[in-house]
Amino acid sequence: MNQYRVLIDANDQKGLVHKVSSIFYNFDLNILSNSEFVDKDSNKFFMRSVVEGAVNKKELIDSIEALLPSDSSVKVIEPKKKNIIIMATKELHALGDILIRHESGELDANILAVVSNYDALESIVTKFGIPYTTVSHVDLEREEHEQKVIDAINAYDDVDYIVLAKYMRILTPHFVETFEDKIINIHHSFLPAFIGANPYKQAHERGVKIIGATAHFVNNNLDEGPIIAQEVIHVNHNYSWKDMQKSGRDVEKVVLSRALKLALEDRIFVYNNKTVIF
Amino acid sequence: MNQYRVLIDANDQKGLVHKVSSIFYNFDLNILSNSEFVDKDSNKFFMRSVVEGAVNKKELIDSIEALLPSDSSVKVIEPKKKNIIIMATKELHALGDILIRHESGELDANILAVVSNYDALESIVTKFGIPYTTVSHVDLEREEHEQKVIDAINAYDDVDYIVLAKYMRILTPHFVETFEDKIINIHHSFLPAFIGANPYKQAHERGVKIIGATAHFVNNNLDEGPIIAQEVIHVNHNYSWKDMQKSGRDVEKVVLSRALKLALEDRIFVYNNKTVIF
Amino acid sequence: MNQYRVLIDANDQKGLVHKVSSIFYNFDLNILSNSEFVDKDSNKFFMRSVVEGAVNKKELIDSIEALLPSDSSVKVIEPKKKNIIIMATKELHALGDILIRHESGELDANILAVVSNYDALESIVTKFGIPYTTVSHVDLEREEHEQKVIDAINAYDDVDYIVLAKYMRILTPHFVETFEDKIINIHHSFLPAFIGANPYKQAHERGVKIIGATAHFVNNNLDEGPIIAQEVIHVNHNYSWKDMQKSGRDVEKVVLSRALKLALEDRIFVYNNKTVIF
Amino acid sequence: MNQYRVLIDANDQKGLVHKVSSIFYNFDLNILSNSEFVDKDSNKFFMRSVVEGAVNKKELIDSIEALLPSDSSVKVIEPKKKNIIIMATKELHALGDILIRHESGELDANILAVVSNYDALESIVTKFGIPYTTVSHVDLEREEHEQKVIDAINAYDDVDYIVLAKYMRILTPHFVETFEDKIINIHHSFLPAFIGANPYKQAHERGVKIIGATAHFVNNNLDEGPIIAQEVIHVNHNYSWKDMQKSGRDVEKVVLSRALKLALEDRIFVYNNKTVIF
C-alpha cells in the first residue's frame, strides 16, 4: 500500500468533489485526508487529498483529468524526501534551525548544499556533512555573481526548493525565472509593512508594538511574492532596533521552517499571488 | 435556492466521501464548503458540508442514511437564528459582549431571556429589550433553586443553547441532564489547569506566566466537559490576582463568544468528551 | 493618604532617579510603583511613579522641576475619572465594548457624549443614559461639518480624550490641532501596513496570513500618529475580506479599549511620533 | 568604565529606591536601567539596576547592605559568560537550539559539556567542539546513576546553570539539593496542566485547543518549581498526540532558550516558589 498526495487545481463547477471521489473509489483508494477550497472571486477550485492504495500514477492522473475542465492541473505525488538547496549570507539562526531539524530526522528533505556569498558559515555547515559553496560577490557585477550562483545550484540535479535562509542580496528577474515557484524566502518583517532594507530599523523608527516575519515565494517584485506563513511577537519602547533584530530572529527561523515544512508536504497552492494552504 | 448544513457522524469505512458527494450530486446540490475528519483511534468519520439547492430534507437524510453504517447520525439543518438563554450572576463583561453582538446584528441567535440568581444585571439587560428573570438562591436548597431555574428556562420553547456567561453556581447532574449537550460554559482558566473556584487566585499563587479561558460544553464533571475554544494572555509578576481577573475578562468574553458562534453555525461535533470543529 | 501619578519627561543626565526619589523621600511619599526609560537615541529620560502620601501638588512639582534640566516636563496627577467623548459612525462593536465596560464600572472615565455623523447608534447609546449627538455630514462641506462636530464637542467642558471608535471620516488638520494629543483612533489594520481605506480588502488582496488592529494618537498624517497598542489574529485562505472584517472587529475593540485604559491611567508618554508606555 | 548588575532583595520599607539610588550617585555610577517590584502579599522589595562606572564591588555591596534591613540580599555582578552544562536524553531540538545560538555567538555562556544517559547525541555535540559525557542508566539503581551524573558535572568547575534540555529522567531530591537554584528544566506542557509523563498524550486525551511548554527551576516537587517562561500554540482535532509533540517541540525550544537567556542576564529573582523577572 502506498500513499499518494493528489493535488487538483481547476475552474470550479458542480460535482467536482463527487467526480474526484468517485475515481478514488473506483481505484480502490482509501481517503486519509481531504481538503477543498473554492475561491469565489476567481471561481477556482483547489483540492488536496491524501489517499492510500496501489495505483498506476499515470492512469490515476489521466482518469481525473478526463473528468475535469480542460485547463485543470492534476498532480499525484508519492511522499518522499525532496531536494533542497539553502542560500545564506552570514547569519546562522535560520539556517541552523533547518540543519538541526535535518539532523534530528524531522525534516523531510535532503539538503544538497548550502550556497553563500560568504564563507562565514562554512565551518559549521560542513560539520553537518553538507557541502558548502562560497560564491563571493566581491568585485563582480550582479549578473556575473548571480550566474555563478546559478551554476553552483545547477551542479545539483532535481532541486525541488531553494530556501533563502537570510540570503541578504536582491535577486534579479533572471534568477527568479530560472527557479520559478521554487524559491522560498524569509523576510524579517510582517509584510507588507517594511518592505526592503533593514525592516527592524524601520519598525523601531515607526514605533510599532509588534514585529514579525514573513515566509513567501519569491517573484520579481521585492518582498511581494505569495505569502506562505507569518508570525509576530510583541515589543515595547525598551527595544532598540538591535533588540528587535535579536528577538525577531526567533520568529524568522520558526516561520521559515514552518513554510518549508508546508512546501515539503505539498500543502501549498499558489494563484493570484496568494497561497491556499491545506 | 436554499442552503443546508449537512452533518454526518459515522463509523469510518472506505468510500464515505464518495457516497455522500454522489448523493449531493444526484440531488443537484452544489457544495459550498466541505470538511471531513477521521479519528483513527475511534474509527469515527465526521463530515460537515454546506450545500446549496432545493431538496426535501427528509428525503435527503433518508438517502444519506441508506448509504451509511446503521449507527450513523445525519443532520440536515437550514441556517436560521437559534434560540438561546443566557445565564449570568453579577459580572457583565461576557453577557455584555453577547448583548452588543446581538444588538449589532452580528449574532445569529434570538436571546429569549437572561436568567440570573441576582437582579444586578436586570437594568442593563432589559434596556436591550430582553426579558430578565431573577431566580434568587437565597434560603433555597440547591435542588429547589435549580428546579426554579429549570422552570424559568422551560417557560420558553425551542431553546437551542443555554449559555453560562459567568454563571457562578455549580450545576447538579439533574440540571445538566435536563439540557444535555445544550449548555455552554466559560471557565476562567486554561483548562485543565485550575479547575474549580477562583482560578485566578490559583494561577497567581502558582506564579504562571500565562492565563487563559476555556469555553466548553457542560457535563457532570465540573469543568471537565468537551472543550470548544481556548485562549490565553501573557501576565507577569506585576499582576495581582485581581489584575489577572481584570485582564482575564477580556479573554473570557472573546472565547465564549467564539464558542457560541461555532455552535450557532453548527460547526461542532462532540464525541469522547472532545470536540471536532469545522 | 492620597495617590499621585508623577510623570517626568526630561533630557537625561546622571542622577535623575536619585534626585527625584530624594524628593519623594523628603515629601514623605511612599513609592508604590516606579518605571523609568532612557531613550539613548534622543537622550530623553521618562519616569512614571505612583506615590502615596499627602502633599501640596504645586510644591511637589516645583521641587522636582527645580532639580531637573530647564526644559523638562513634570506632571502630578491625582487619579480620578477622566472625561471622554466617543465618536462613531455606524458600527457598534468598538463603541459597545466601551459602553459595557463603562456600565460595569470597569472604565475609569465619564462618557460625556457620543458624537456621530449618523443616528444609527442613537437608540442603543441613549439606553445607557449617555447623550448622543448626530452631526450629519450630508450636504455639508468637510470644514463645515467638522466645525459642527467641534461645536458639539465643545458643548462639554474638560474633555480629556476623544475616542474614535470606528469614526469613518478623515479629520482635517484643523480638527486635529483643536484637540491636540487628545484623539485616540482605532485603525483596522496592523499599521503601517494597509494605511487608508478598507484595509481588510487590501489585506485579503495581498493574501496575508495575519490581520490586526492599531490604536494610535491622531496627528495630521493619516494613520501615522504615535502607536499605542496593536494586536493581531491569524487568518487563512478561507477568509473572504468580509470574514476578515468580522474577525477583525474583535481585535479592534480589544485594542481600542486597551489603549484607552492606558491613557486613562496616564501611562503613555509621546515623543518623536512614538510612545513610551509604562 | 564597567557595567554592573545590582540585584537587591529586601523586606520593603519606605525610601529604598531613594537610598539605593543615592549610593549609586555617591559612587558616581550612571543608571542604565532600573526595575523595581514590591510584592505586597509578602512585603518583599526587588530591584535590578544596571549601572556603569568603576567601583570596588565589595565596597558597593557593603554600602548598600548598610542601608538595608538586615536580612536583605545584595548581589553585584559583572556581566560575563556564565558556565552551563546541558543535560539531554535523545531528542535534539532543545539542545540543538542552544548549540546553534552558542555557535552564532548569541548565547552569553560557555557550554562546558553535555551530559546524557544515551550516546545518541554525541556525534552532533562533539562536532560543535563540546565535550559529551554519556552516563548510561542501564543496570544501575537510580541513586547510583545519579551519583555518576553528579560526578560528571562536578568534573567541571564553576558551573552556573544546569540546563535540562529534555532530560527525560526524574531527579532525586539529592540531585536537586546538590545543585540548588541552578537547574532549569523545560516541561512539555502548559503547567500546571499535565504534570508528569507524556503531557502531549494527556493533552490529546483531554481534547485541549492549545498546548504549551514551561521552563522552570527544578525543586523537589516534580514539575512544580518556580516558572520562568511559558508559551503556547493552538491545535485542533486534526492533531494526533504525535503531531502535538512535533509542533510542541518548536515551543519547547523557544521557551527554554528564552528562560536560559533571562538566567544568563541575571534577570530572575525567585521567592515563594515564583519568579520576578525584570
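Should a chain be cited, it is by its letter among A, B, C and D, assigned in written order, with residues numbered from 1 in that chain.
Please note the rule applied: contacts are C-beta pairs under 8 Å (C-beta built on N, C-alpha and C of every residue); 3 or more make two chains touch, one makes a residue touch a chain.
For clarity, every value in this text was computed on a predicted model and none was experimentally measured.
Chains touching both chain B and chain C: A, D. Comparing chain pairs A-C and C-D by the number of C-beta pairs in contact, the larger count belongs to A-C. Annotation, chain A versus chain B: rotation angle of 180 degrees from the Cα superposition, expressed as a multiple of 5. Separating the CA-averaged centres of chain C and chain D is a span of 38 Å.
Computed from the mean C-alpha positions, the centre of chain A lies at a distance of 40 Å from the centre of chain C. Residues of chain D in contact with at least two other chains: none. By the touch rule above, chain B contacts chain C in their complex via residues 91-93, 96-97, 99-101, 103-104, 106, 124, 127-128, 246, 249-250, 254, 257-258. For chain D in complex with chain C, the touching residues are 14-15, 17-18, 21-22, 24-25, 28, 30-34, 36, 38, 234. If you check the complex, the residues on chain D that touch chain B are 37, 39-40, 190-194, 206-210, 212, 226-232, 236-238, 240, 272-277.
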